[in-house]
Structure formats: C-alpha cells, structure tokens
Amino acid sequence: MSPVRGWFHPKTATGAASLVPAPPWRYSGDLLTVEYRTDPARVRELLPEPLEPAAEDPGAVALIWADWQSCADGGAELLDPVRAQYKETFAVVRCSYRGRTYSRCVYIWVDKDFAIARGLHQGYPKKLGSIHLTRPHPYGPAPCVEAGARFGATLAAADRRLAEVVATLREPSAGGGFVNGHPMLHHRWLPSIEKGKGLALDELIESGAASFEGGPPWAADAELTLFEAPTEELARLRVDEPIGAYYRQVGVVWDGGRLLESGTSGAR
Amino acid sequence: MSPVRGWFHPKTATGAASLVPAPPWRYSGDLLTVEYRTDPARVRELLPEPLEPAAEDPGAVALIWADWQSCADGGAELLDPVRAQYKETFAVVRCSYRGRTYSRCVYIWVDKDFAIARGLHQGYPKKLGSIHLTRPHPYGPAPCVEAGARFGATLAAADRRLAEVVATLREPSAGGGFVNGHPMLHHRWLPSIEKGKGLALDELIESGAASFEGGPPWAADAELTLFEAPTEELARLRVDEPIGAYYRQVGVVWDGGRLLESGTSGAR
Amino acid sequence: MSPVRGWFHPKTATGAASLVPAPPWRYSGDLLTVEYRTDPARVRELLPEPLEPAAEDPGAVALIWADWQSCADGGAELLDPVRAQYKETFAVVRCSYRGRTYSRCVYIWVDKDFAIARGLHQGYPKKLGSIHLTRPHPYGPAPCVEAGARFGATLAAADRRLAEVVATLREPSAGGGFVNGHPMLHHRWLPSIEKGKGLALDELIESGAASFEGGPPWAADAELTLFEAPTEELARLRVDEPIGAYYRQVGVVWDGGRLLESGTSGAR
Amino acid sequence: MSPVRGWFHPKTATGAASLVPAPPWRYSGDLLTVEYRTDPARVRELLPEPLEPAAEDPGAVALIWADWQSCADGGAELLDPVRAQYKETFAVVRCSYRGRTYSRCVYIWVDKDFAIARGLHQGYPKKLGSIHLTRPHPYGPAPCVEAGARFGATLAAADRRLAEVVATLREPSAGGGFVNGHPMLHHRWLPSIEKGKGLALDELIESGAASFEGGPPWAADAELTLFEAPTEELARLRVDEPIGAYYRQVGVVWDGGRLLESGTSGAR
C-alpha cells in the first residue's frame, strides 16, 4: 500500500483530485464592510465558554460582502477561473479570550465548494448562498471608487433573500472598520460518528492573514436590511444603530493558524 | 380595458414586471477577444441569402468573452446586482450585404434571462451557458492589465465545456480586433404558431453601439481550444490559424437599430 | 448560399445547434395546481383589448407548479436529461374572446433555456426562476399520492422567494381545476428594432394540447403565500379566497396553435 | 455564557441555523448503479493502510447516480423541497479490513450544501457537481420501469462533463449489485490548523443504513463513458469490462456509525 495523497479529500495516489491544495492560499478581492450595533445579548449568545464579549462595544457586528479570486501556489486556478472565483457574505463579531480581543465569524455563505473546504479548515461555518456585489468599473454606468458612488450587495440562501445593502461612498478613510480587524478566533467542530458521544473534533484555533496589502479604504453610508428565514438566524443580529461602512480592494495570503485548546468546548 | 404596459413580457397594468425595461441599455464590461481563421466555407454556410462572405479574410472569426454590468435608464439594476451582472461568450464573423461589410454574431451564450430577452430584440441567438473570465485586480495574485499578465476564460453549456482560452497580454495595441468592429447584421426569426407556415417574424436588421468608450486595448497571445458537443456547432469553426487576441475594458450604450428587410429570408 | 437550417436560433448549415427542435414536443410531468379568487380588477388589468374577463368567476387564478421531462421527436433529450428536465411555476387566469372562454398564462418562471425558447413560440411570458416541488415516492419519507400526503412547492427569482405553498391531499377528484382547463389565448409580442415604432410582432394566438393523458387528479387543501418583489407583480394577484388545489401526473403533447389576429393589440 | 447549540455549524443559541439537524436522516430516492471492472492496481492505490483490496474481484467499481429527497426527524425539509432534494454521483470500491469486506466511496459529487455537511460527518469525500438522471414517469415520453426502458445520467463538475451513461432495463433482478452492498469503511480526515503538523482528525469509521426498504431491482445494460479533467481522477478508474447495471427505488435511514481506529492513517 502506498499512502494516499492530497491535502484535502478525496485523497488519491497522486493528490490531484484534492478539493483544495495545501496553503498558502492567495486572494484578490473587493470588500464591502457594513458595521452596526445590535443588542449585545445577541452577540453574547453566540460565544461559547470560555469566550467572553469584547470589553468595549460588545454589540458591534460587521456584515461583509467579498468578491474573490483565489488560488494556491502556482496559481493554476486563475487560468481556469471557475476554480478561482467565488463570492461570500459573512457576519463577524468580536470576543475576548485570555484577555485578548479577537474577531469571530458567526455566519458565512459562499458560492463554491472549494471555499467551503477552506472554511472547514479555518473554522468558518460556511453554507452555500447566492451573493452579488456591484463591481467598480472605469467605463459605462457601473460606479468608480469615488465620492457619491453607490454599490449594492445582496445575499440569498435556499431561495430566500437574507440581506441587502446599498452603500454610498463618502471619502477616503483612515481605516476599514474595527470589527473584523483582530485575529480570528474560531472553533473547529465535528460530531462523533457514534451517536451520543459528543464531538470528535473540538478545537479552538486562531488564525489571521500571513500577509496583506490593500488600496485606500473608502468610508460609506449604508442602508442594510436583514430578512427572516426559517433556517437562518442572521436577522437575530438586528440592526439597532449603524456604525459605518467601508469599501476596499485587497490582496491577502492565508497560511495556517494556531491551536489554542482542544476538547474543552461547551458546544453540544 | 386599459392597455397593458411594459417594454417586454410579461406586460401588465404598471409595466413593472417587464423582463427588461426599454432601451437605451448601458453596459460596463471587460472583453477578451480571440481572433482566428477557420475554413471560409464554415463561415459561408452560416450566412443566409442575401448575405455574402466578406471580401477580405472571409474565414476570420472572433470568439469574445465579456463580463458585464448593465442597466436601463435610472440604473436601479446596479444596486441589486443580481439584475445587472452577467457574462457571455459569443462568436462573431463578418459578412457583406449590399456592398457593405457587417459583423454578425452566429453563436452566443449568456447566464441571465434579461440578457436572453435583450438578445431576442437585437437578433443575438442566445442560449444559456456558464461563462468565466479572469478579472484584473490591483492586489494579490490576480493579474493586472500589464505585459505578461495571463487571463483564462471558459464556456460551458448543458454541462459540457465548449471552449477555453489562456491569453497572455503583450503590449498596448492600436486596436481591439477587426472582426467585431462593424455594425451588426442580424436576423430576428420566430416560427409561425401554425405548423408548416414558415416564419412569423423574419427580419434582417442592423444595429450598433449608440455610444462607446474604452480603455486602451492590449494585444495578447492566446491559446484557444474548442470542444465538440451534440447540440452545439461552435467547434465546426475550427481554429486553423490564430490572428490575435485583445483585452479591453469598455463602456457601451445600445439604443435601437434599423430594419433592413422583412420576410425575405431563405431560412427554413 | 445554402439556406440555414434549424427550427429555432441559432440557425446553421445542419440545424443541430437549434435551441429547440421543431414541435411536436412531448412532456411527462407532475402538476400541483392551486386555485383561488383575487380581486377581479387585478385580473382585468392584465387583459389587453379585445380580451374581456370571463363571464363567471372573473377573479379566479390558478398558480401551477410543474416538474417536467420533455423532448421532441426521437426523444434524445431524455437520455441526456440536463436537456429534458425542467421545472416551472405559472399563473393562469381566464378571459373571454369572441364569446369563448380561454385560459391565459400571465406570469411564468422556468429553469432552462430550451423552455424559454418554447415559451417564446407559444406566447408564455417566461422568466428564469428557481422552482422546487416535492415529488411522490413509494419508499422512505417522501409522500405517496394518498390521502393526508403533504407536498410543498416554492418559487424564487432574482434571489427572492415569490411564492410558497403546502398542499395536503384529501381524496381523488373528478377534475383537476377549471382555470387552466381551456385553450390558451396568448399574445406573441416583440418590439420593433427601431425606437418608437411599436411592435414588430403582435399576434393573438390560441393553442392547446394535441394530446393528453393523466392519472386521477387528487383534491388537496393548500396554504399559499405570495411575496412582494421589486420587479415582479405576482403578489398583486392577492389570495382573497381559496378555491381548491389538485395534484396530478400527466403526459402531454404540444404541436402548434392557430393565429387569431395580428397587429391589433393595444399593447404599448 | 450559555452553551451554543446545533448539531452542525453554525452553532447558535437556538440551534435553528445548523446546516443539518442531527441524525437520523431519512431518504427517498432513485438509484442507477453501473458496475464494471478496472485495473485492480487503480483501486488498490486508493486504499490507505491498513486497508487491503477485496480478496475477490478487487478491480470491481460501482458508479452510482442517486436522485434523493431527504430530511431529519419531523420532515420539515420535505415541505420546503429546496432543502430536501439533491442529486449525487459516487464511485464505490470494495476493500478488506481485519478480514472483513467493506464498501468504500472514493469519489462523490452532490449539488447541495446540506449533503456536503452530511458527507463530512459520514466520511464521504464530497465535491459539488451537476448531476442529472432520467426519472421514471407513468405518462408521456419518460420511461416507465419496464423492460426496454432507457435511462440516461450525467455528471459534471467545474463546468466539465465527467461521466455519462445510458442504461436499458432488461428484467427484474434478484439483487442490485455487490460493490456497494457492504458496510461503508471511510476515513474522516481534517488537516491540523498548524502547518506541518499532519492531521487533526484522522478516523477510520464504519457505518451503514439503519434501515432500508426498496422496490424490485431491475437489471440493465449500460454504456458508461468517463472523461478526463485536470482536477478529477475518476477517469483513472477506466472501464475495462462491464459487470452489470441496476435501477432501483429505495428508502433509507442513516443513524450513525462506529469508530474503528483513530490517528493511525498513513495519509499525508
């Protein structure tokens, strides 16, 4: 028997069929970030022990739309772009762990399977969704990145619209928001194959970008609407007070994280 | 009875449900054009009387990938981008009619219904397809528009890949190709609802952009592959000799065309 | 020049690329029909002159979900089922023309391009949608066709849910509803390519099944919900009073229709 | 802090957003199974230690198309069928472990996210694909389950067709094939979040149906074609010799499995 190869399933003799190659993973993308305050209790209820709410502004939420092109080393995906391009919408809150503040993705929808696989590795709780985001363009009716430009973005899953936003760019901004600005603190959970035996995988991990580059963020005014759906809870993070919105083009490299704890989650 | 309203079906009391609003239609998009020569007989067989092959270079073909954002007056679609964004791949040849040279789209695939509706009006023979095209990006692994940058593009329909190309940008170019550079000469055909009675609509029309703006075209070297499929004939336009390839960002307005002949086609 | 061939576009030398072959078209399918009364004024406003509301029960509407497998002569599509299978939801009302009662489809969504093409021919105002309908099955948790069995059905377009229903079968029924039981009276409209010149195609046609077979209809109790959307008007046909619901498996052949009038529509 | 709830991610205060509810999972479906022999070395190379090839007929492969409706307890998914219906194609081989023969899924494609989530739990190496399978129908042109009836099935992923088959039913059969007839022996693998540290989850598990019902299997003659693709290896399981094909309607319950070993895989 030769060992099977491939960073992810399916593992084969050559490894060529792996749903994703090993990190590092490289990303080019456009981000629309909408930050707002919700009832801090609604954030706290999403944080399993020993995570605690962030000390300051514990009800802050970021809902982020991203339009990505991504690849592993070699970049072959970029030349067969059905394997590189995907879009996502994700909700981020902050939390505190061992005295440090982290960002934490609590909901996320993507539109490709390779993005789901990466999320399993990184602890992002991904579902499939249908995501759209206006793209800047130098010619014709699409907006340029400039004051007054308007961008729309929408999210749907299971044939229901879950969120929509219209953002109007205001001016260049010193930063791109604070909710998604910390290292990510995620769980990686998988139930035991045997019923009633709890979790087979129960890890608390942190990770962040191995490198980052970006254009100037633009501040925006955003009108965000969330919609109810029977199998979604995004709308529980009700928009109580807008904080700000930001548009930015970025390049990111992700190359692994760090295990913090294993087997200690209170998750059921 | 009040008359029903709406530029396209379904027509209603308010017109709001029309699949597309009336022209003008405005487009922002990225174009990857691949020009090559095929057997001129394969072009000629796609030209019904009284169209004739172009006098010069009659076997020239352009296969074009486009990544569009589009809207009607008002631009509401751009803020709900599922209604604005679409991609298409189309094959263009040239022909001669009354001594003038025209471009003519002989095959085209799009990925949204509103694009199909516009095509019915404009005489583009649209089918649904799955189309992907690498997008330029200033950060991360995606290519910028610069010498050596590589873009991939693919087309599939009915779960079969029909075409794929990898294009490597070489240098800015004086032009963006010649095959798709003329006014479009299209038929608008619809069979009679009564069997055996031929065509109910049989128009020869011309149209072109009402206005156009664009960035500098870049010349590219392209490797194009076409694949057979049981209900497609794109691969009959076999790649015998590359001519050139071009990448360009453009803005276009389309606002109607002109009827040339009616009821005279030899189409069966 | 040889004439180009193919019943529908694109027309080619061989005709093989035609988006649909010529009729007859054959269908196997499952239908869930929900009939209800709305404000008759909302039906009347969808009827252009010289159509008039049906004399009796002029506010009756049928909203129908269908799960189809279809083909032309030869049946090749059934062996490559991506080309045969599609689903649709359509709203039907009745109208009167020259003293006769007709059915008329006022809204319809399908999920394949060949179904859009057939609809253009038949005068169905088709858009793309995402349609789901519970299927009966003899084993496991899916319902059989029997008293108490529950079927769900949903419709979405442009990432918004437009309608959903849960129907509970009650008993075999003498009929399958009356709203969609007449010949279809449809318009075939296409705007002139020249702006301001009205319609290039403006036909009033009738058609119906060339043959029909079906299993016993089952009567059902249905809970139907319609949702608003910015580019849809289905919800204007508000559910004021349920009439009935029906589940039925059918086989249908469609083979052309009859032209009634041309160029006389009041449509703008 | 309350513990978060939900059988799968995302875990929340209520558990309602979980991508899938806890088992048991119930399935109604139609299966088309195509069995053939390939080079036994191509099967062996997919079996990590300590798995060994089956003692008899070690090159046997089953490629199976399934059209499912599924739900958890309560069955709510069946009434919102976008959440219940999915299709899949999967390749199964046999292997030997501790002297017992098992079935093992080596490749699988599905078309919904909840099916991916279940597969992560069960050790199926799922990717997204586009899957179609002719459905039997009592009326119209679709086949009934009877001698001479022909069913087609296709698989595509990343816009490339990977497999297609046409099966002609011959006669009722005593069984439905032998390759997928054993308990499943699967790995559950997830890489460590820390680079170079191997696997964080490395389990060998077995599972099987908790209950099963089915109609009579029908034997069929099948013509199967596999296609190459750059990120797939299904075509390495070349069709050297047909064994048989089977069509069957089934009902299945899955309710957990058994952990056999942990941390001992030779997988890299």
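Every chain is named by a letter (A, B, C and D) in the order it is written, and numbering of its residues begins at 1.
One rule holds in what follows: contacts are C-beta pairs under 8 Å (C-beta built on N, C-alpha and C of every residue); 3 or more make two chains touch, one makes a residue touch a chain.
Quick caveat: nothing in here was measured; it's all calculated off a predicted structure.
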Completion exercise
Given over half shared residue numbers means same and under half means different, the chain A/chain D interface is same
Fill in the blank from the handout: Farthest CA centroid from chain A: chain C
Completion exercise
Cα centroid separation, chain C vs chain D, in Å, comes to 35
Practice task
Mind checking the centre-to-centre distance between chain A and chain D? Centres are C-alpha means, answer in whole Å.
Solution key: 29
Practice task
Let me have the rounded angstrom distance from the C-alpha centre of chain B over to the C-alpha centre of chain D, please.
Solution key: 40
Handout entry: Where chain A touches two or more other chains, by residue
Key = 80, 82, 130, 132, 154, 159
Exercise for the section: Could you please specify the touching residues of chain C with respect to chain D in the complex? Expected result: 26-30, 69-71, 75, 78-82, 84-85, 130, 132-135, 137-143, 150-154, 164, 166, 213-215, 249-253
Fill in the blank from the handout: In the complex, chain B touches chain D at residues 130, 132, 154, 156, 159-161
Problem - Residues of chain B touching chain C in the complex - result: 1-5, 7-14, 16-17, 19, 22-23, 44-52, 76, 80, 82-83, 106-108, 112-113, 116, 120-123, 125-128, 158-159, 187-195, 200-201, 203, 205, 207, 230-233, 236, 255-259, 266-268
